[in-house]
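Worksheet for the structure shown next.
Residue numbering begins at 1 within each chain, and the chains themselves are lettered A, B, C and D in the order written.
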């Protein structure tokens, strides 16, 4: 399945600093989009979006048809509207992959996804970064050497205020002896998040083929190809959930993946308020069952387990949630 | 050192439902506060706070003098103001421990700290919960059996939309065969976060001595006794940082702990923008150094390393952050 | 690339207990092999091996041409020779995937890979297991529902003495209210290890289509498609390393994967004592590069780094390792 | 409670290389023991042990009365007998803390506990190590700065073949730009394991006050103050278990801690095959409890759960384990 990638860039340096435009004539987003496209070919569809577009180019239609969002921001972090941040956040909860680069440490969206300040030590100046692969079996490390150099770079170093990553893929060192956890994997909701620190507007970091390989690998790793399998019953439940939020356009989503994603997170509410009434089972035969009988038993029982997931009774929590005036 | 504990409760059920008041005559916050006080004695100072108080009882003064905040909320999640949520969040970044109970899964503050929806399957009804200790060496598991029963409970079950916990201490099972990761540890900024699922307003869960023990252990685990050691130089830097935010009253904080916490996070900005200019070192002697000489070398070199953390140059990022109008 | 799978079974119950043979006429290994083959088709080549064969069917040739080894053992754990255990262990270090099932908790090889006793609470009797997927985005969870039932099963429960898994994919509950971390992922050396608890000789567990799906997914997850990219230099070194151990037949291995695996672990010694070629990249677009500072700085720094990694002197550690008589 | 620490050293360099003896006149074990004693005072009892003593100074009596074992080994790794390795391993399973230093990466015991080769890149030569604290809230990081320098050191670098640590406390960088995960926490059985890479016989690393602080902190972190609370029933079972192995002297152990440790692991077998007494709590305040449904439901359910955990029948697994001749 083609991975639909949207590369987002605040696109401010390129508009205001000629020397940076000379490094990235198409903008950082253009350089990254071209690199991912060159490496993954028909496996990806690339779209570009920037801060200056309406809704920063991240409207409902765009996000709902994006599988992986790549994010570059630096000096305009506070200019991203809270509405867009919330929309991106909810889309990640429902399965969109999110790749944050370099100074996106300070972006509202990364901080909201990670839950920490993402503060990092830094020094701007002509530095040299060595990127060490410490998890060679990780999908994002495929095709990379044990260590490679980024010749022109600024320094990002510890202490880096992040949650312990689910997977720590890369460590970077710098000329001053600093170190950084520089390639980090997280799960958030049904979405996957990857932060990669190399990359700066003042240096041609995104022209480095190893850096490009890491980003392309991350796109493949973060693509949402996964969800619970759903039964007709729960699909119906999901449709109901979906119709309740059809104004948010998610009706366009289809297939068990999106049904499960819808079910998993609806605008801050939860669709898990269903009784799991899995019937106690007393085995009929004291002895081991013959193969096919065993198979049939499973077929008979499973729908029960699944059907049990729906609960007709009124959702008490929802009622409470709708209360707005409380005794003082 | 005495741990300053604030127990916060939305205190709505107790005000509106007599049968719940009959279970918790002092309110859920009163029951929890009394239990922690009884178990930890002089090691803790307990304060109570509720939604109905000004600033929900969580003003600047209270939070700055709180080491561990215990949080119970359910039907009034949306009534907690964003200002209070942000203040609690920033205080956790700077080291305050945070313990979220039961339906606080849906609280704004826990979701902001964890970065996920915290959706959970649930069923209200007379259930029975078994709490299994799967990390017996964990401080929060001290004094607890391998398994204990909560006789009257509602069901919280998987799929529970949380980040993988740093430490998974408890698992719970329910009459229907459901399971939940029910005792979860996270680090966020300089603060520690513990979520514990047992506890409901309709049942005397917080009167269960094992539940009380878990909460008391969590208070001790979450207390902020920790930070980087700072030198006079970096303390001066911290003071400067502190004075810049003195309006936020943090001047009252003192000691290396708070200096480091201040340095670690200031109102969404970062205090790590300093050059680490650790001088390259060429050993004078090709041979091993005698013991005392070694000691002296360390003493000579360390201040250098620490002093190197300060950077006189103007903070370029700060300038950018102050920019508000950007080219369109 | 086809995944070469070897399914190993102690094959004792089937030889001695007719009622078990009636459940698994082809043996447990036969049932598992057939299921994986049916689900993955041409993506896999299946071989079967049992305790009773010479070298337990796990000779040098077999292991070196195995990508993923599935292991089922129960009452003959101690009959597996230490030589075979060591050979399997070293092969995992060099990248072979390893899938341990059910009572393999007590196998020498799993304990050696995990480093704990793998003790588990258990009860033999007609039980019912519910398997809950708590990591729906995990490759091993693909195609599985949120929960499924194994109708006939014995109980394995906590406390389970294992290291915290790298990824916890499944939790299981049982009729008595017990719970188990039942689907566990670990990395060991260059190999991936998956433990899955469902499965017993007395019940047709391996005929359950969901169980079969988990095992097939685990085969794909554990297959070694990954390694550092190697440079001509390190390839040459790897060849030398290979020739030194050619008696162990690893010469047959080829390609960067196996070169890296060879390099990673050779019979308990280490092959990391050599030059790491740091890949340099000369940006295609020299524009924007501070000509003097940038270029010269890099040229000055890199050779230092590279030279630093090379150690011309004889390998002191190896010499020491060969010492056998030491002063007393 | 006093922590009983045993510092073990192969003590070979000191016996054969005068220049090394000049750095560590009391031996590396003497230097470490003195430092820990100076820092922790009456909180610890220090014993020293070396390879050259009978049983390498690690006989039954010593290990059973050791809470934390510190291990330094390098060129005599293979001279440690497998018996001693197994005894140390089992003692860790039952709760003894284990601290491995520097080149103990290649020790039989650390490899057995971690389950990997522990291969590490290295270069012997006059280097400079910077140790960065990346987990400031960790007990082992208390009293340490954000970064400190070890002026004379050899290089240990990635790729380091270890399991992902439960907690990554320190990262180190070196003059050549190399990096290492240098402070690692693991749980194994009921024991805690800490590996710390700085330290070499050729340099006065163990005279560095920061290094000494890390080791002293690790001793306090690794001390076994923890276990399940046990019921009279399980205590009785534990006594029986104990008496069965009284020849191994563990009778001397006492209190719930050791009972639980005994129960947790006995010579490779498991002691989890017994009734788990589920602690019942009858709420002090019966108010609010739905008398019939609530009460009866509990009475109906609990005995079932409890009975389910008990297995009156002879221990089938044990019988099987005793089988030695199997059909071929």
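The rule we apply is simple: contacts are C-beta pairs under 8 Å (C-beta built on N, C-alpha and C of every residue); 3 or more make two chains touch, one makes a residue touch a chain.
Everything numeric in this text was worked out from a predicted model, so none of it was measured.
Under the contact definition, chain C and chain D share the contacting chains A, B. Across the assembly, the mean Cα position most removed from that of chain B is the one of C. Here A-B and A-D were compared by C-beta pairs in contact; the pair with more is A-B. Rounded to a whole number, the gap between the C-alpha centres of chain A and chain D is 37 angstrom.
The geometric centre of chain A is 28 Å away from that of chain C, both derived from CA atoms. Between chain A and chain B the centroid-to-centroid distance comes to 25 Å (mean Cα coordinates, whole Å).
Among the residues of chain C, those touching two or more other chains are numbered 130, 133, 136, 146, 159, 164, 175, 177-178, 187, 190, 228, 276, 305.
Taken as a contact graph, with one node per protein chain and an edge wherever two chains touch, the assembly is complete, since every chain touches every other chain. Contact residues of chain A toward chain C in the complex are 19-20, 22-23, 126, 128, 130, 133, 135-139, 141-152, 175, 187, 190, 192, 202-204, 207-210, 224-231, 260, 276, 278, 280-281, 283, 286-291, 294-295, 297-298, 301-302, 305-306, 309.
In the complex of the two chains, the chain C residues touching chain D come out as 12, 15-16, 51-52, 74-79, 93, 103, 106, 112-117, 119-125, 155, 159, 161, 163-164, 166, 174-178, 186-190, 228, 264-265, 268, 270-273, 276, 304-305, 308-309, 311, 313, 316-317, 320-321, 323-324, 326-328. Listing the residues of chain D that touch chain A in their complex gives 130, 132-134, 136, 146, 158-160, 164, 167-168, 171-173, 177-179, 181.
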